[in-house]
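The two complexes that follow have subunit A in common; it is paired with subunit B in the first and with subunit C in the second.
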Partner chain A sequence: MTRDLIHRWFAPVAIAILLLVPLTTNSYIQFIINQVIVYVIIAIGLNLLLGYAGQFAFAHAAMMGIGAYTAALLMHRLGVTFWIAVPAGGFAAAAIGSLGALPAMRMKRVYLALMTLAIAELIQWVLVHWKVVTLGTDGVKIPHEKFLWFTLASDYHKFYLILAAMAVLYVVARRLVESKFGRSLVAIRENEIVAQCNGISIAHTKAAVFAVSAFYAGIGGALFALVLGHIVPDGFGLFQLVVHFSIVVIGGLISMFGSVIGAVLLTTLPELLRGVRALQELIYGVLLMVFIIFMPGGIAGFAKQRGWLPDEILVRGWRALQARLKREGGS
Partner chain B sequence: MTAKRSMKLAGLAVAAGLAWAGAAGAADPGITDTTIKLGMFGPLTGAVSIYGYPINNGAIAIYNETNAAGGINGRKIEIVHEDDGCDPAKTRAAVKKLIEQDKVFAIHGGSCSGGVNAAKDEFISGKVPFMVMAATLDAISDPPNRYIFTTTLPGSGDGGIMLNFAKTVPNAKKIAIVRHQDDWANAKMKNISAGYAAAGLQIVADETLARNATDATAQVLKVKAGNPDVVLFLLYPGESAVFLRDAEKYGVKGPFVGSNSVMDLLDLRERTGSKTSVNNAYASAFLQGYVGDPALEKWTAIYRKHFPNDKVQSLSFYGMSGALTMVDAMKRAGKDLTREKLVDALEATKDGEAGPGYCKVTFGKDVRQGCLGGTIWGVKGDQIVNIGPSWPKTN
Partner chain C sequence: MTALLTAEGVTVNFGGLVAVNAVTLSVPAGAIHGVIGPNGAGKTTFFNAIAGLVAVAPGRIAFDGTDITGLPPYQRARLGIRRTFQAVQLIPQFTVLENVLVGLHHDIKENYLTSLFGWSGRSAAEEEAQERTLEVLRFLGLTDALFKRPRELSFAEQRFVEIARALVARPKLLLLDEPAAGLSPQEVAAINALLRRLRTEWGTTIVLVEHVLSLVLDVSDRVSVLDNGKLIAEGAPREVEADPRVRAVYIGEDHA
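Moving on, here comes the complex of A and B:
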């Protein structure tokens, strides 16, 4: 009963607390929190592709870059409002991300990884060398747009925008994985032939999950650009990809909440370790190893094992149905 | 509580916080009767941390020396040192931490252009005086902003020195360029691209070399095919060594003109593993002398005094001119030191001491790049020598 209450009220209470966060932070802490939320969005997208669909794709950082650059260039060069530029970043990434599904139709595992890595490198090469459009290595500055009381110069204002985007995208992702689409992803991950025999279109489902994942990366990238205020191509390379994978693997594959945990941990840890600079990289590395060795299912997997987190059941309304049956059985 | 009400409350809290900050702003942050808290940041971890400690320690040595000599108008300088990992996001976080959490008075830092450029708004919006440590991107200080100063030779200035030297090479008509494709090299290319045609030069090869490259055969062969009279290389030290090593291997004779990243030509020679690799190589320099040069004896001694376990290298001197300029301006700003008075004092700097730097430091109302001069170094035997800005007549 208590556990049910906790599970039911966790999200609303967490959102209420989050809304009050700016009351307690300075601009530095708010900046870090904003980054955490952006990484939650990006990690959810990668978790859909890597965790739920089991597609070993390496272009997520590049998709983030496409979202960031689309939004930034629309705002910087054309004066487009961020209300349009941010979704445009998501859709641009989704369009290019769905192309990533083409090699995925014929390739798996390491071959798919290599192919998507090549796509990512190509995208970064374009960001660096197509200077007339992307401004090359000089990077793109995000204008401080104002909309009524809202200004992009304020970390506090940006927080509410990013938080709202994260909340919507989190709910959408949960709905997706609890739908037929989510179950199709898991079926494809487990066995493509069996999935096909069950009437699942492998091509359509893969194309859709690549596009959805890239959309999340694109929106995350666009919001990342707003948070940072200035983006350069280097920011969307291999190191960024390693961060994404670390967040998802350490937080927990096949777990939406794992993406949240991973993003919080891996974004705040380097900041918390600022005080022990000489040991920072060592502590960071050791912690990563400990998590991977002793918690192969990630922190979320570990928490589920202990019963601290509920199992994720990919059927919408399952818990409500169970509760109703329990009540009816009891009465 | 509804989301709307929460947002209103948050807005009120922020407004109240700002009002409080305004009220408390009578005395600038980071100043007490006995101390001045200065923020510093740079790449102290990660792949480019080799540029972090040596450069920042040079500046710290100057601040420590100032403290040892009695401080600034009775106040001692305290340094708060942060890592930026040469990453724009981490740089912005580091700067925000210094301003918002550590409440520093002013900031001296930044060796990575991309990071400093990403954090630039923080200095401007916070009205925090900022002295660039060693980042060279022109866009950091041009167009000028009231709060941002640099005594480091900007990238375009470095490229200009290289081009001016190249055009004086006897009978030079064709040049080849080998460079990185990044903001650092692009800044240096600005004056080269703008001026080579007017100097009567033709570019016969323009090759890029990736960062951390271990082979430059393809680039060297393309340069060789162009048969240039001068080769400009805008590369970091490691990649410069790779390029010169392969150039020697395939018989490309030069002359080679490098940027100030390789002004320690003897170190470059050591990296190539060949005694003859830099015989016809030159480098732009913004220091008065090389490591071990008597002209830098005073500054070498100061560095060794405060960091006895460090190896003294060219990088050790990069941050000193900015530190000397900050110290001088803070002294001139007087006992009632404020951020605005420091900015005014910095702006009034004329022919200021640049320590190991090649030129004197001069700022003005719309002048924030305080040192635009430089020279060219070469190697004779086992000695680095100052060649001067143009090709020597006796060569």
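Moving on, here comes the complex of A and C:
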């Protein structure tokens, strides 16, 4: 009963609290919170690919870079509004990301990891060296666009924009995994033969999940560019990838809650150790190893074992179905 | 009666080892066809050839009037060929509900625009699929297991869940790979009763690979006997049972 209550009220209460956040923060803390929300979006995307579909792809930071650069360059060079530039970042990443499905058709695990890592390095190389377009290591500045009362110069204003994007993308991802698409991802991860013999096309499903995952990374990257106001190629390299993996693994693979928990923890924690970048990297590495060895399900997996978090069943409306059957069985 | 499934000279080669050698058979719609033979006779490989998991060369497989020899497994499944596996293959993290819903993947015509972005968050296609899942689980007497995971079920129940997944999309052709293996006599009787009900109530055509002879000989309309990848006999169960070549193959084998 209490669990039902928690389930029903969790989302509205959380949203109400989040909407009031800017009243309690200073600009610096608001800046950190904006980053947290961006990382929730990025982590959801990686969780779809790495957790649900079990694809060992290492190009997520590069996809984030594609999204960030597409949006930033559209705004900076062509004066495109962010309303168009941010979605464009998502779609550009999705287009390039779906190509990642090509090696995934033939390769698994280590080979796929190496291949995607090579693609990621290539993308970063292009960002650095194709100066005519990308401005190279100088990076790209985001113009302070105004829209009615809304301005990109304010961390508070940006917060509401990013929060709205995250809320929509979270709900869509939840619904997506609770559909036949989500189930087909797990089916492919666990047993490709069973998946095929039940009418699931491995090729189509992999292409789709690579595209969706990259779309989340791209939107996340575009919003990341808005949050920072200035992006450089170095921001989308190996360290960024380690951050993504840490968030998803420590938060918990195959769990939407896990992505949120991981993003909140791993974005705020290093801020407390600010100024010592070497220590930050060390913390990510050590935490990642500790979790992989002792708690492979991550925080969400542990919480599910203890019954603190509900099981995630990939069926839309399964609670209603369960309740209905209980009523019918009782009468 | 017209044949639903026709295999003509189906041969499967594993790098020089001929696992299935020029097997020809024809299964009329609505029939139960048994395939028997000793271990290593090529029964499962023949199944894999029908399902599309191994390449056939040479040979031809026709299903429901179309040549499916070159089709990938997922397209054959969509045409209405579903199967179970010798070792039960359920997805361990999934509840029974999710496992069976996998069988409806292609039947769920999801409208992603409304189901992902709609205000109500409901999906008519998904709800219909849930009803169909309940229906097949009721048919098999498994409704109580709906929210259980495979590890919470007995071996026989797991096997029935796998059959439910294969049945939920109402396939024209059901391929059962040793459904009785490892089951108690009562459970085998339950499988026997299920196959008869499927034939009379659903009109499902069934090809049954089985090592346990009593079940196949009892329930099948016709039986093919494989040995060393070759078809050595075919006929009504009684004829096959009496066939001296079949007896020779089974000498020293368990007749149970």
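In this section, the second predicted complex is superposed on the first by the 304 of 331 C-alpha atoms of A that agree within 3 Å, B and C clash if a C-alpha of one lies under 4 Å from a C-alpha of the other, contacts with A are read in each partner's own complex, and residues count from 1 in each chain.
Please note the rule applied: a residue touches a chain if its C-beta (ideal position, glycine included) is under 8 Å from a C-beta of that chain, and two chains touch if they have at least 3 such contacts.
This is a predicted model, so every value here is computed, not measured.
Contact with subunit C, but none with subunit B, is seen for A:S184 once the two complexes are overlaid on the shared chain. When the shared chain is aligned, subunit B comes close enough to touch A:W149, but subunit C does not. Within the superposed three-chain model, A:V194 lies in touch with subunit C and out of touch with subunit B [touch as defined at top]. Of the two partner chains placed around the shared chain by superposition, neither subunit B nor subunit C is touched by A:I37. Within the superposed three-chain model, A:M75 lies out of touch with both subunit B and subunit C [touch as defined at top].
When both complexes are overlaid on chain A, the residue A:L20 reaches subunit B alone and has no touch with subunit C.
Of the two partner chains placed by the overlay, only subunit B lies in contact with A:D234; subunit C stays clear of it.
Shared interface residues of subunit A, touching subunit B in one complex and subunit C in the other, do not exist. Across the complex, subunit C meets subunit A through its residues 51-53, 72-74, 77-78, 82-83, 85, 89, 91-95, 97-98, 101-106, 108, 110, 112, 115-117, 121-123, 126-127, 129-130, 143, 146-147, 165, 169. Interface residues of subunit A facing subunit B in the complex, by the touch rule stated above, are 16, 19-20, 22-23, 26-29, 31-32, 35, 128-129, 136-139, 149, 153-154, 156, 160, 228-232, 234-235, 239, 270-271, 274, 277, 280-281. Chain contact summary for the complex, subunit A toward subunit C: residues 171-172, 175-176, 179-181, 183-184, 186-187, 190-191, 193-202, 254, 313-318, 321-322, 325. Residue ranges on subunit B touching subunit A, taken from their complex, read 1, 3, 6-7, 9-11, 13-14, 44-46, 82-83, 87-90, 92-93, 96-97, 99-101, 114, 117-118, 120-121, 125, 137, 139, 181-183, 186.
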